[in-house]
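Both complexes shown next keep subunit A, but they swap its partner, so subunit B is in the first and subunit C is in the second.
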Partner chain A sequence: MMPDLATRLAQQKHITTPRLETPFHPRIAALSETNDWYTWAGYKAPHSVFDEELEYFAIRSMAALFDISPMVKYRIAGPDAERYLNRLTVRNVAKLAAGRVHYTAWCDDHGHVLDDGTLFQLSADTFRLCCQERHLPWLLDSAIGFDVGIEEETTEIAGVALQGPTSFAVLSKAGFEGIERLKPFQLADFAHDGGTVTISRTGFTGDLGYELFVPAAQALSLWDRLWTAGRLHGIRAIGYAALNRARIEAGFIVSNADFMTAETTLRADRARMPDEIGLDWLVDMEKVNFNGRKAILEARRNQTLKHVLVGLEIEGNIPADGAIVYHRRKQEAGLVTAAIWSPLAKRNIAIASLARPYGTRLTEDFWVEIYAMRELQYQKMMKRARIVPRPFIKLDRRAANPPGLF
Partner chain B sequence: MTSSDPARNISGAFDAIVIGGGHNGMTAATVLAKGGRKVLLLEAAERTGGAMRGYEFHSGYRAAALAHIVNRLDPEVAELLGLETRTTEALPTIALSLDGKHAVLRGAYGETIDGVSTAEAKAFAAMRKKLIFQAGILKRFLKRRPPEIGNVRMNDLGAFAGAGLSLLTRGREEGRDFLRMLLMNVADVADEYLSDDRLKGLVAFDATLGIHLGPRSPTSLLGLYYRLTGEANGRTGMQYVPKGGMGALAPAFEKVARSAGVTTRTGESVTRILADRGAANGVVLASGEQLSAPVIVSAAHPKATFLALCDTADLDTGFVRAVGNIRSKGNVAKLDLALDRLPSFTGVSTDDLRGRLVIARSITHVEDAFNPAKYGEFSPDPVMEITIPSLADPTLAPSKGATLSALVEFAPYDLKCGWDNGKPAFEKIILDKLEHYAPGLSQNIVASNLMTPADMEMHYNLPGGHWHHGELQADQLLVNRPVNAAAGYATPLSGLYLASAGSHPGGGISGLPGLLAAKRILSETRP
Partner chain C sequence: MKKYDVVMIGGGHNGLVAACYLQRAGLDVLVLEKNDWVGGAATSRELTPGFLYSNCSYVCSLFRPEIMRDLELPKHGLQVIAYEGGAVFTRDGDYIASYRDHDSHRREFARYSKRDAEAYDRYARDVTRQCRFIQPLLMRTAPDPFSFKPRDISELLYLGKKFGEFSPHDMAQTLRFWTMSISDFLDEYFETDVIKAYLALSGIIGTALGPMSPGTAYVLLHHYMGEVDGSVGAWGYARGGMGAVTQALASSFKASGGTIRTGADIAKVMTRSGRATGVILADGEEVRGNLVVSNADVKRTFLKLVEEDALPETFVHRVKHFKMRGSSGKLNIALDSLPEFPALPKGSSCIRGDLHFTDSMERMERAYDDWKAGRYSADPFVDMVIPTTLDPTMAPPGKHFMSCFVQYCPPQLTGRDWTDADRDAFADTVVSQIADYSPGFRDRILHMEVRTPREIEAEVGLTEGNIFQGELTFDQLLFNRPVPGYAQYRTPVPGLYLCGSSTHPGGGVMGAPGRNAAAEILRDLKMKPAEMSPAHDVI
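Let's look at the complex of A and B:
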């Protein structure tokens, strides 16, 4: 009934290797001028490749290649796969068609978010779940009573995001025939190097863009294919710093940055319900039972939700990362979890977590206290902040059909 | 299929469906019916009774029930049943000794003792007084729904205050002693008070019977406390066999259920508890028939209830994980002997044969018997308690014949060599042991039947063959019985309630889980 421990450990070999390299590593290492690496889910990943600033502009005006291989990937297959995922995740998987992708989240019994991620329906009974954290024990325990197989395929499958206005042109040039038919959140298989590459029109930038998944052995040939095709379209390899700017502009949240995942929190009050991190729109109370349903329903009914996630526009141009948010300059109301000066919106923007009723009943007169370190001295600023809707930018080219051939 | 009510086929006409016709299921059904609910009781076997159900183990010889003595039937349940316990006599416990010089506990758990020195009798009386006082404090929590952590009600506070007061009135010393002893092992406590190995062996045996602990395992005293929360006729620790024998219990429960208006269907096994978006609303029978009711009460084992009867899709992962981790592997075997005459135990009077005979020579004997169980082996020198059920109910055996029932530990559910291989060897060991205390017994044996935990699992639909429906240990008690999210009889599925021994306070024929579950249901607004 309960799965065997030894088998589980054998399925989580990553634990024994402190820092892995992704299948694309040889190419990125060769391009790296900054030699600026960080650890992403046990993998060596570039924080920047040549210049954080220019890498950001590669996303917004050319085409950017971002290695997403460290993203944790699970293959979920079997007759009960849909039923299983409908119980696991908060969104209605019955509404997800084959060949489509949706953004979703999953919770524990208390309705606290374990992680968010994207769910790819590869075929009628086969799915791929992509996320930040590893969840195999939870996914396996969730499978008790279901006819479904769950395998982690993080190391086996390499992934790369191709984002930016010329990304469609790059793929066309690379010879992926029929790529023009892919609509946002749609996926399809294409021939590559004697095998197939799964391309979805998805991304984490709010821009026109694609994500490509390929068996690790074909990773380098895929990179080379894109790189060659992209030469005249300004293709660049980028690191996380640039992507992070783009995702903040797009209003996307990152687990363990904008919210703590329930299984990694040490403090009981740090876990968050979907409604507390802006994911209430994912939760489908009408569908069949799912993990956390009762808890979320009760929290809504009893109005015990404690937090709310908001977008802020802050006066000035100093990013307010980590700043405390005040109501009427005095009362502490929350914390900025991500902030940048947006080059595209030309505004100083931020994502913040506020303690209700701030952000729900009380929506005016917010201030952020920014401590800017200037040559070993803090410059303290109290700046006015306004709650604004997310995303902070909206690009028509993201959803244009067919996509623009820039 | 049999039925006691022709109106049974009106589907949806019931306010509550109770799954499982054991004593807890029948108690819950009866209390609900008396509370004005229309109740349907479903029992998979051809007869109700659960572990009180007897069985024929040899032509002409029957075992009255799985349980062979009553020591904790709740007075409220006894009254509900109309059981005549006032005139019931407290049966003695004979702590057997190889030399035939036994210690005999008379009255309610040894109010007086024969066969020990005056000093030892005094020491036992002091220990008995101490333990009964402390068990009394715990008892306050046994007959009420466990408090809900984070949502403590006023009357929970009352119970805490009551427990605190009863300690305070006895002085600081008692309070300190209670906290000191609560999680101790029974061996250290016995060593503290007693010097007679027979008495020490007996309390060590009583503390660990049906629990996967040895007397030297931490917290093993809890088992003895649990035993001493039982009462009969207002006398704590008393044990008895009802008039007509243990076999009279099941019919008594059936009768009171019937007269309360409970509709009973036997031979109907439930295969699925139906639910929709967090609310249980019916059951599916093996025949495919669907029955709906706003309240479903499961007196089946919690693991069976949630992992077999419920669709796990209706439950949350963490809950399923917790239920899957309930420790519920039995380690007691039951031996039934068909005898051609009443056995004779050296040094035991015929009158005392009506009591309980315990083979547990010392604490070390019990501990040594437990040790192999940790590694999936049975005891080469087991400990056991013996009764002669045919004395209370002569119909169990042909005239002049007799039956003997022994609960033997330790017999781990997961026997390393498998029970098919191990059973004959273990049975031989038990018979050899018995022969030491009752010479000549082997010549009187007409037939024998050993029921291992694996057999109990099969015959009584008891996962793990554990009669408590889950280990009765500190981490699976009170607010964590069977698991925290279902500790108050209500479960994460609204409309589904638990009423088995797997719920608070635990196993043994007490009727309390069933009684408390029904009270909880009656206390809630009717759907």
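Let's look at the complex of A and C:
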């Protein structure tokens, strides 16, 4: 149904804020020393807040607050919600339970990944799906025949990630009683400011950490509560540059950075199946029916999968982002999609997409061609690269129970 | 008496493009133009002091940048300024706008439907995929599928290879796209009527079809495959009006030694032993040329300028039945001040873009129903722009030029010719429509030029006033444009070529037909162009 005239007229003023500010924006803007913003899904988001390198260390040593409000959020609720999501996504939602979260992906009819994201089961028949891209037409069209409602709630719900070794201490100090019982991938509701905050033990850093979701109106009071509690635990606000370093160390992929989502590709050969971007482990072939199942099954059976996503460890210390990967120094084998020097692993690491059989049958003798611009001159280097498992780092504190109180 | 290497019939943009390439290749080219000015349907005319009217075509996107570069048009004064989006006003006092900024565009659509807002990306992706397929074909001669010449076979293979880059799903989509109605196509993406009406407008402009007629989806594509400086699908204003395009071409042509004669109306193409040898002007003067190239449309060229007995019967039959039906009119208005549209918030960028009033598919189709019955639309579809919001050269400071493209407007009114009274009544329906949304609009009008198909045909020479020199439906595209077997700019008369929009790839101020025709002529002469860039890569 088209909204009535009054509602539409009220929304005309969106043109006065072509970049939306998130509910946390006033606090982040006040903390920002670098004034270094970028646009994330239409929102003004910090690339850095005070120093991207120091912000990274806040994630790894103390506690870092990262605003995830621009994540696209859909509320999926109704008697058929579980059945619907099982049909939509590749992972088995029946194995999820109320109060749990899982990472998942969903595909088009050709088995090409439309997006990846996290699925929060808020109650028996209510879920929240968080992702990078927008999928409302796809989600609605997929719902035909299911008793389920789908609402886009990106602006209504504010989200913030609290990540790092002292994150548990911060939440305890903030008075979220029972937070110590949350195990990885569990979520629970807690009282906040006359309402509820949903806290899950999840994150994008590979570290101990939590994600908190509140109605937008309670965002600032939540921020203040965390900030006050975190004062003695080294809490800092961070931007995407620091988070990106942590996520590469954790081996996580980002849609439309490490792979192209099927609905945004203009070139037919750019779409990827789950098995081509390291998500084969999500696909539950026990499920009788989910979108893309037949195509994925056939590709596996006929061995027509064309790509594979791998972790690389590259000699030296020059990050290789965007570099071409070669086999035996000569044959082009793929592309590095993300790369950093890992402060935690003390290694030069990268995520790369290789054309099979490179990375599957042929797993040795890879080289990466790095062009490093130094004072207006390219330093060209051919560096040896080794395929290594992801994540590149593994932190015991991430999954410790109860979490460490630093 | 001087004999030219090439005599060009008509100084429209395609004629001038072809003339430029041929002159630069070393030929001696004469352009003959019946009006006292060149430009054809790309002109800027000072019809009232201080105001320049883009009085036919009014916006620029399709003109190929490769041609601008080859012919040094920037050096000769051509500048194209991109503009932002536009809007359609709704009858309930709201509007829906489009914006260059992706997120603003989505938020604007979300005012009407969250679903449609998110569906737009899928729509844009699918249309862009089709544009990427078509774009490289614009600057190539269409292959003749019935010829066994190596070049035709290799061009067919190229077409096949391009097609083969699609997934099977996209191949099916392409065939559907080229044959569907824009209404059916948009139904597959959107639920909101006003959004569909807004997007459908590119599917009917210049076409004697309604949004529910099959074939209109391709017409939309034709309007999307242009660019402004690499921004595909963007539209802009030629600084100084659309005449700036043809003035730059004329200047480039003359700089390379070409000759233009205006006021030279052509009566006939001269032939000797079946071969074109020049033209005879209306006053009886003979102008001789080794080759004759016609920028006029295929009907005007072969049904008026060439003796029918010089032509094969089937060819004449095909030309007679080439669909080239007048469907649009034009109001060019000098305004005392910028009109106000109370529905638009202060500071809205829409006023600098294209504005419309047709807010439903049904209204658009009903407007076409009037055309079918031989009437101009009582509730017309208007594509309105005010280029002076971005171009200070077309009107005195504070004053404005407004261009209103109006559809539908038949070449004849229920079987009789237009009268001046009809024309004025037609103009009034348009002005009334604008005034409904812009109080005091009539009082701002200083001068107005009204053009029905009658005026367009009389002045520009376009048969029935059809702006594309033939409709852009799949039956009249590629190797079927204008006539099967004669789609490579050559004609049944040796020494006579076509270079106008009746030929591949069709209408709009694109220049590609003129450029491609020049390439074929030079090939026949075993000559090489001085500089003719291939189509820019689509990577």
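What we mean here is this: the second predicted complex is superposed on the first by the 388 of 406 C-alpha atoms of A that agree within 3 Å, B and C clash if a C-alpha of one lies under 4 Å from a C-alpha of the other, contacts with A are read in each partner's own complex, and residues count from 1 in each chain.
The criterion applied here is as follows: contacts are C-beta pairs under 8 Å (C-beta built on N, C-alpha and C of every residue); 3 or more make two chains touch, one makes a residue touch a chain.
The model shown is predicted, which means the values in this text are computed figures rather than measured ones.
Within the superposed three-chain model, A:Gly292 lies in touch with subunit B and out of touch with subunit C [touch as defined at top]. Contacts of A:Arg83 after superposition: subunit B is touched, whereas subunit C is not reached.
Of the two partner chains, neither subunit B nor subunit C is touched by A:Asp125. Of the two partner chains placed by superposition, only subunit C is touched by A:Ala41; subunit B is not.
Within the superposed three-chain model, A:Gly145 lies in touch with subunit B and out of touch with subunit C [touch as defined at top]. With both complexes superposed, C is the one of subunit B and subunit C in contact with more subunit A residues.
Shared-chain residue A:Ile15: touches subunit C; no touch with subunit B.
In the overlay built on the shared chain, the residue A:Arg134 is in contact with subunit C alone; subunit B does not reach it. Across the two superposed structures, the residue set of subunit A contacted by subunit B and also by subunit C is 2, 110.
By the touch criterion given at the top, residues 92-94, 97, 99, 101-104, 106-108, 110-115, 117-119, 121-122, 125, 128-129, 132, 165-167, 169-170, 189, 192, 345, 347-349 of subunit C touch subunit A in their complex.
By the touch criterion given at the top, residues 275, 277-278, 307, 311-321, 324-325, 485, 492 of subunit B touch subunit A in their complex.
Interface residues of subunit A facing subunit C in the complex, by the touch rule stated above, are 2-3, 5, 7-9, 11-16, 18-20, 39, 41-42, 110, 134-137, 140, 152, 263-266, 268. Touching subunit B in their complex are the following residues of subunit A: 1-2, 83-84, 86-88, 108-110, 138, 141-142, 144-146, 285, 288-289, 291-294, 297.
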